[in-house]
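Naming follows writing order (A, B, C, D, E, F, G and H), and every chain is counted from residue 1.
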Amino acid sequence: EVARFDIGRKLRTGFPEAILALGKDDDDIVQILLSSPTDPMIVTRLSPERFENIREEISSLEERGFSIKYNKRAHILVVKRDDKISLDSKVGIITAGTADIPVAEEARTILEEYGCQVIRAYDVGVAGIHRLVQPLYDMLEDDVKIIIVVAGMEGALPSVVAGLVDVPVIGVPTSIGYGVGEGGFSALYSMLQSCTPGIGVVNIDNGFGAAALAIKIIRAFE
Amino acid sequence: EVARFDIGRKLRTGFPEAILALGKDDDDIVQILLSSPTDPMIVTRLSPERFENIREEISSLEERGFSIKYNKRAHILVVKRDDKISLDSKVGIITAGTADIPVAEEARTILEEYGCQVIRAYDVGVAGIHRLVQPLYDMLEDDVKIIIVVAGMEGALPSVVAGLVDVPVIGVPTSIGYGVGEGGFSALYSMLQSCTPGIGVVNIDNGFGAAALAIKIIRAFE
Amino acid sequence: EVARFDIGRKLRTGFPEAILALGKDDDDIVQILLSSPTDPMIVTRLSPERFENIREEISSLEERGFSIKYNKRAHILVVKRDDKISLDSKVGIITAGTADIPVAEEARTILEEYGCQVIRAYDVGVAGIHRLVQPLYDMLEDDVKIIIVVAGMEGALPSVVAGLVDVPVIGVPTSIGYGVGEGGFSALYSMLQSCTPGIGVVNIDNGFGAAALAIKIIRAFE
Amino acid sequence: EVARFDIGRKLRTGFPEAILALGKDDDDIVQILLSSPTDPMIVTRLSPERFENIREEISSLEERGFSIKYNKRAHILVVKRDDKISLDSKVGIITAGTADIPVAEEARTILEEYGCQVIRAYDVGVAGIHRLVQPLYDMLEDDVKIIIVVAGMEGALPSVVAGLVDVPVIGVPTSIGYGVGEGGFSALYSMLQSCTPGIGVVNIDNGFGAAALAIKIIRAFE
Amino acid sequence: EVARFDIGRKLRTGFPEAILALGKDDDDIVQILLSSPTDPMIVTRLSPERFENIREEISSLEERGFSIKYNKRAHILVVKRDDKISLDSKVGIITAGTADIPVAEEARTILEEYGCQVIRAYDVGVAGIHRLVQPLYDMLEDDVKIIIVVAGMEGALPSVVAGLVDVPVIGVPTSIGYGVGEGGFSALYSMLQSCTPGIGVVNIDNGFGAAALAIKIIRAFE
Amino acid sequence: EVARFDIGRKLRTGFPEAILALGKDDDDIVQILLSSPTDPMIVTRLSPERFENIREEISSLEERGFSIKYNKRAHILVVKRDDKISLDSKVGIITAGTADIPVAEEARTILEEYGCQVIRAYDVGVAGIHRLVQPLYDMLEDDVKIIIVVAGMEGALPSVVAGLVDVPVIGVPTSIGYGVGEGGFSALYSMLQSCTPGIGVVNIDNGFGAAALAIKIIRAFE
Amino acid sequence: EVARFDIGRKLRTGFPEAILALGKDDDDIVQILLSSPTDPMIVTRLSPERFENIREEISSLEERGFSIKYNKRAHILVVKRDDKISLDSKVGIITAGTADIPVAEEARTILEEYGCQVIRAYDVGVAGIHRLVQPLYDMLEDDVKIIIVVAGMEGALPSVVAGLVDVPVIGVPTSIGYGVGEGGFSALYSMLQSCTPGIGVVNIDNGFGAAALAIKIIRAFE
Amino acid sequence: EVARFDIGRKLRTGFPEAILALGKDDDDIVQILLSSPTDPMIVTRLSPERFENIREEISSLEERGFSIKYNKRAHILVVKRDDKISLDSKVGIITAGTADIPVAEEARTILEEYGCQVIRAYDVGVAGIHRLVQPLYDMLEDDVKIIIVVAGMEGALPSVVAGLVDVPVIGVPTSIGYGVGEGGFSALYSMLQSCTPGIGVVNIDNGFGAAALAIKIIRAFE
């Protein structure tokens, strides 16, 4: 017995349990998926190599009516039967650099899987702040209700964005960077310590958590 | 010239600039208040001693039609003319311990000043988790849209609350604690690293930021 | 001469010296085992690859009447002749997540090797706290005398358990987690800083140490 | 309403809620004491100055049949009616230096208040390890069941003691020290990382927690 | 003998030794000043209280032809005979907030004392980035050769400025901030880890060092 | 769409955007290079293995008139058409040890690519400080305007150099070192905390940033 | 009973126990001194205020034939009867700055109390390295056997000295400094990570420990 | 030109420059060795794999009269012509565990190469402190002048040894350990913060530095 899946979590909290691949054996993941505790089942932080390892073993799920989708950039596996969830509110996702994209894609995959429409603007970071204006304008035009800002290095982008828009900003620090920036603490602390008040921050590289927060907010208000 | 007040911030971001008393001389604060850049003007982290120091000097504001309200537990000064802002959504505030109350009160004062109705439940921390059930039930009955959870020490309360309710949770770590808990990093990291995904975290002791985030969310959706 | 095995340690302290494989060459371990300083000999933190490397070389021990047992999940090798140790008291082991299981199994193997009966409940973490109730009830029914709680991420589970039961709790933080949780310090500090007093904490990932503490307590009182 | 006292905690966990004075106003403490939620009521980390401040205000408790005892070295206030609790097991307390004594006294006061007999040996630290032998011998002769070892600086004493005795050792790091030892992390890490396995560690300066753990162990086995 | 003043330093390095008041007794400072090792003599980090303490004792310097100037906001004392140094290049100084002004003033005083013309723009931080445009434009119009940017909290302003101008930027992190920002490390790391390359960073709160660097650059090129 | 290249950056800031290979896929880099956003295009932190991976795919650039130069020690790829940039000022580069050379070479490659003449003196560290005198003398003779000092371990060389010369010093800490020096923080802090004021410091291992700062200074003054 | 003085320590280790005033009450210190465990008795880290507090109470020691000497800069109290210890070897003490002098004086007092002759050179730090040459030359002429180098800030002086002389160097980091240098870790790490091998390092501000090491070395070889 | 070997260092400092393999290419090392700057040439931290890589290329040194000796456990390569250095004083080396042996062997190899006689006692750590007595007694009998104590984990052994002997102790922390002990900081801080004063500490895993310090001490006094 490796896992006691929390099947009621979606009912209770508006967001179902997902399977974090880190720290679990491939066998553990296969076993959880085959027991199909929820619909959809989402596995995060599953590297392409690990997906290859289990692909064969979970293929029987397709015969049982599940589709299997793996997103290589976001390292996410989605196994599901049903596709009807849909939310009205739109979410914007912005990254400071190219290297922040995998974390942003983790957030996007989760959001779309749960019915949100996502508008993206990647690589618009603070070193050339003019690149930010048009995408931000477009997002507000499109009436996004929340903007997720993903940034590594000095993590200044959420402060700048939050000082320009009137929708809530969720900051996701990334571990991109070297020297003092290694591990993402520099970006994390910038976001927490922002002089633009009112940024909700999640863990380093946690695109998943940012999406979960956005979905919980949307469900609470829709 | 000490300050270039950002008078347009509320228009742009839905939340006006506040005056952080830390790092400013009493003279700086008096000068900013007398120039009355916004309505209301909110000064945070102003200790009772410092309020006493400037009380006399800002009394002329009353003749100019402003009311002056100082909240001793929250260390907040509010100077305003107008009182008509009002929002529909309710916000719950929970603290783990008695010592977390000043931070919670900072959040409450800001929220109420901007028109939110607040429902409180203080000292319900994880060591006696049954104390949490009734207040949580009451808050959900009352249809709160967001719950702010303030906790020091091991900072576990937001995880537990977020695992039980379907509204978004904002976590505020406090610097309460000693030994490894000194400074609040232990609580902060617990909230960021929560195994309940979707908690939006703000800086240590930053009740102000939690309130700002809640207000921005509410404004975006109301 | 690589090791001066502390053969009298069990007599003095109630718990024999074990061989920590980290930082030792395979040759060192073989040499220590063949010189058979104690019975049983327990090697901890020995990866499956390293076990394969030395398997052949230590096989002569079987001819000398020792059994050789390797536990792959717990990374523990037990070489022994005798199996008669037995203690009356039972110990419960709980993990917050699936990824904490290897550390829990390290503790379980040691405990059982020294004659304790172990009752397990894995993956019952704080995000869905209701999963905790039944296993905890069962453990208390079964009259466990000590509960070992293994948790990574925010490490909140020991606090919650210790607030619900009247037996001593030993907390084992794990290095499961990423971002601020990387390395297990977040979990460690939560346990040390718990607002439920009276949790005995051991080093990060130290299932071995938790078992040793439990056995020493039981021996002292039985 | 400042506090929601957890009156059932002793029943549930074998150890009642105590009042941590840190982070609470004098008023908060008076209010909690006068509402007399438990018997005994124990206030920890209350400095002599703060005790003087509230002494007058809580004197009415004496008319209501409570005794009021303040221990200056341990910074503990005990308010109680009844004195009949008594446990059979004895506990040893050892300190490395003179400066560790206040933390040791915090533990002793709590232990005696809950009916344990305590045997002390203070200032026997590792720099002159011969000073340790006689007191340790006496404690074992007296059949102590648990030894609490309090040490600052390099925190080596628990390792040495645990390598010599067959009863469980609880390590309490103290914040005594300067330079790299400031704050007690050096001592804490030494105890967690001890090469004598099986030391249960509590937070820095947490004599209270060590006593709580000892009492929970004793209650579980007596 | 308390000090061996490095009288040749200006000749060698283009910038004379200054007297850091931290860690020196008032007596030490008086003794150094009266021995008048250089002209000018600059004492940094001398609080107003300490200046009051030594004022009397150093007044004899005035009879010897020195002027004595104390800048209260910058905590700098300047004692000099001669005033003829003058440089052609102008330097801009920008602060993010009001609380960063003392550090900026430390830099300004030093710069002006050594003959630079300084153009200031204070409190123009990233939360309202539009406030930055006009002052920056004016500075470039005025042909500043270097811009010193002083910022605490998340320390993002140097990145933004350096992404907009073609003169070198010197970043000075300040210790303004609380929680994760306490001590200024958050701001420091942001500046070092900036995604706009080419910012020269000095120690936290080190307005003095920023001025010294600017002067050395100017001297090397003029 | 992976990258929004900041093509105007050179115009605005005097230094063009470069491509940091860390955190980008090989595909991302190829795609950016083939779209040829600037001239020259510089890719930093590209390991020899990664260069081999993309070599083939970017060879078409040669047909389009670009030269492709890869510097193995500096891990830098330069793709350019034009070679006419040239600056008058010379820059000195000094390393403390042999192991600091790759970082120094990163700086040198960038500097030369942008038209600076560079004078090198490697392995002249503080343990044998006499080795420093001749090279330093030669550099000053050659009229260098800026000296970049690259040092790991205790990072003392910039302090010593800056105490001897009258040109500005840029300090680059390296991650060379083990134990307390691991990661380069020890060297970084030494440079920031130098008792020779006026050293401009860049991130650990950031030869690129040091070169960018030098170029910006030179452009501002030439 | 507060202290179990280690009276045999000098016999065993060549260096007697001293009384660290930190963490002890004034009463504790008086009690230890009046019981006169050794000759001499040395109390370290005793501030002038604390010395004033106990002066009266220990005056009876003078009647018993002890002399009482308090060194204000070194914060050391020496109480002794006998003055005949004398060692042949000389020790040099160097400080980088003026602010490091109190730590150097702590070392000097201890050394002289135990019979060493000390040669001092204060404020000769690396920013003006030429100031170092003469004093160093004089020390070597005088045939010092050990040089203690005391330095805060970047802590580079021991590296430079150890690269120039052929006697062993003991490094004492001091907590002088601000920003990244606060607390002395920057200096400590520089000394440990020195590229001149063979520096023996003691704790931050630990002049006492440096003297003890020097004395032990001298005793072992004389 | 990769290296400017400090050929005079032995003359100046009594200890020649050695070649740290970390951070140097194999080519760099070959080039330095073939240019034969000193006799002996010692390369430290050269892994067996790297030695295999260069073995062939440096074999020509043998024709030139050098012997080539590689110590696999210590990761040290010694290339020398001459073998006549010899010192009178003996040095003891003690390790706490088996895993500390490589660091101890690094020290031993260096010491013996420079003519010291070494007496070893490995794996005598504090968990079974009786194992320490005999070896320590033997060392003192043999008249060792210095004891080097190598320890990881909690690093308590140097404190204990220094409290028992009257020769100077050099502490070498090792990076052996996991959890809070990872990297060796726990052991380092214990040694610096030891309550037995007078331990000279070197960097983590720095057996080389310990040997260098011992040799410098011996040379100064012999």
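Here is the rule we go by: a residue touches a chain if its C-beta (ideal position, glycine included) is under 8 Å from a C-beta of that chain, and two chains touch if they have at least 3 such contacts.
The model shown is predicted, which means the values in this text are computed figures rather than measured ones.
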| item | value |
| --- | --- |
| Required minimum of steps from chain C to chain F, each step between chains that touch | 2 |
| Chains touching both chain B and chain G | D, E |
| Whole-Å separation of chain centres (CA-atom averages), chain B against chain F | 45 |
| Centre-of-Cα separation between chain H and chain C, whole angstrom | 35 |
| Distance between chain centroids, defined by C-alpha means - chain E, chain F (Å) | 27 |
| Chain C, residues touching no fewer than two other chains | 9, 12, 97, 127-128, 162-164, 179-181, 185, 188, 192-193, 196, 203-204, 206 |
| Which pairs of chains touch, using the document's own definition | A-B, A-C, A-E, A-F, B-C, B-D, B-E, C-D, C-H, D-G, D-H, E-F, E-G, F-G, F-H, G-H |
| Complex interface listing, chain C residues touching chain B | 96-97, 125-129, 153-156, 159-160, 162-164, 177, 179-181, 185-186, 188-196 |
| Chain F - residues contacting chain H, complex | 97-101, 122-124, 127-128, 130-131, 152, 176, 178-182 |
| Residues of chain B defined as touching chain A within the complex | 9, 12-15, 18, 89, 145-146, 162-170, 188, 192-193, 196-204, 206, 208-209, 212-213, 215-217, 219-221 |
| Footprint of chain H on chain C - complex, ascending | 1-4, 6, 8-9, 12, 17, 20, 22-24, 28, 32, 45, 173, 175, 183-185, 188, 203-206 |
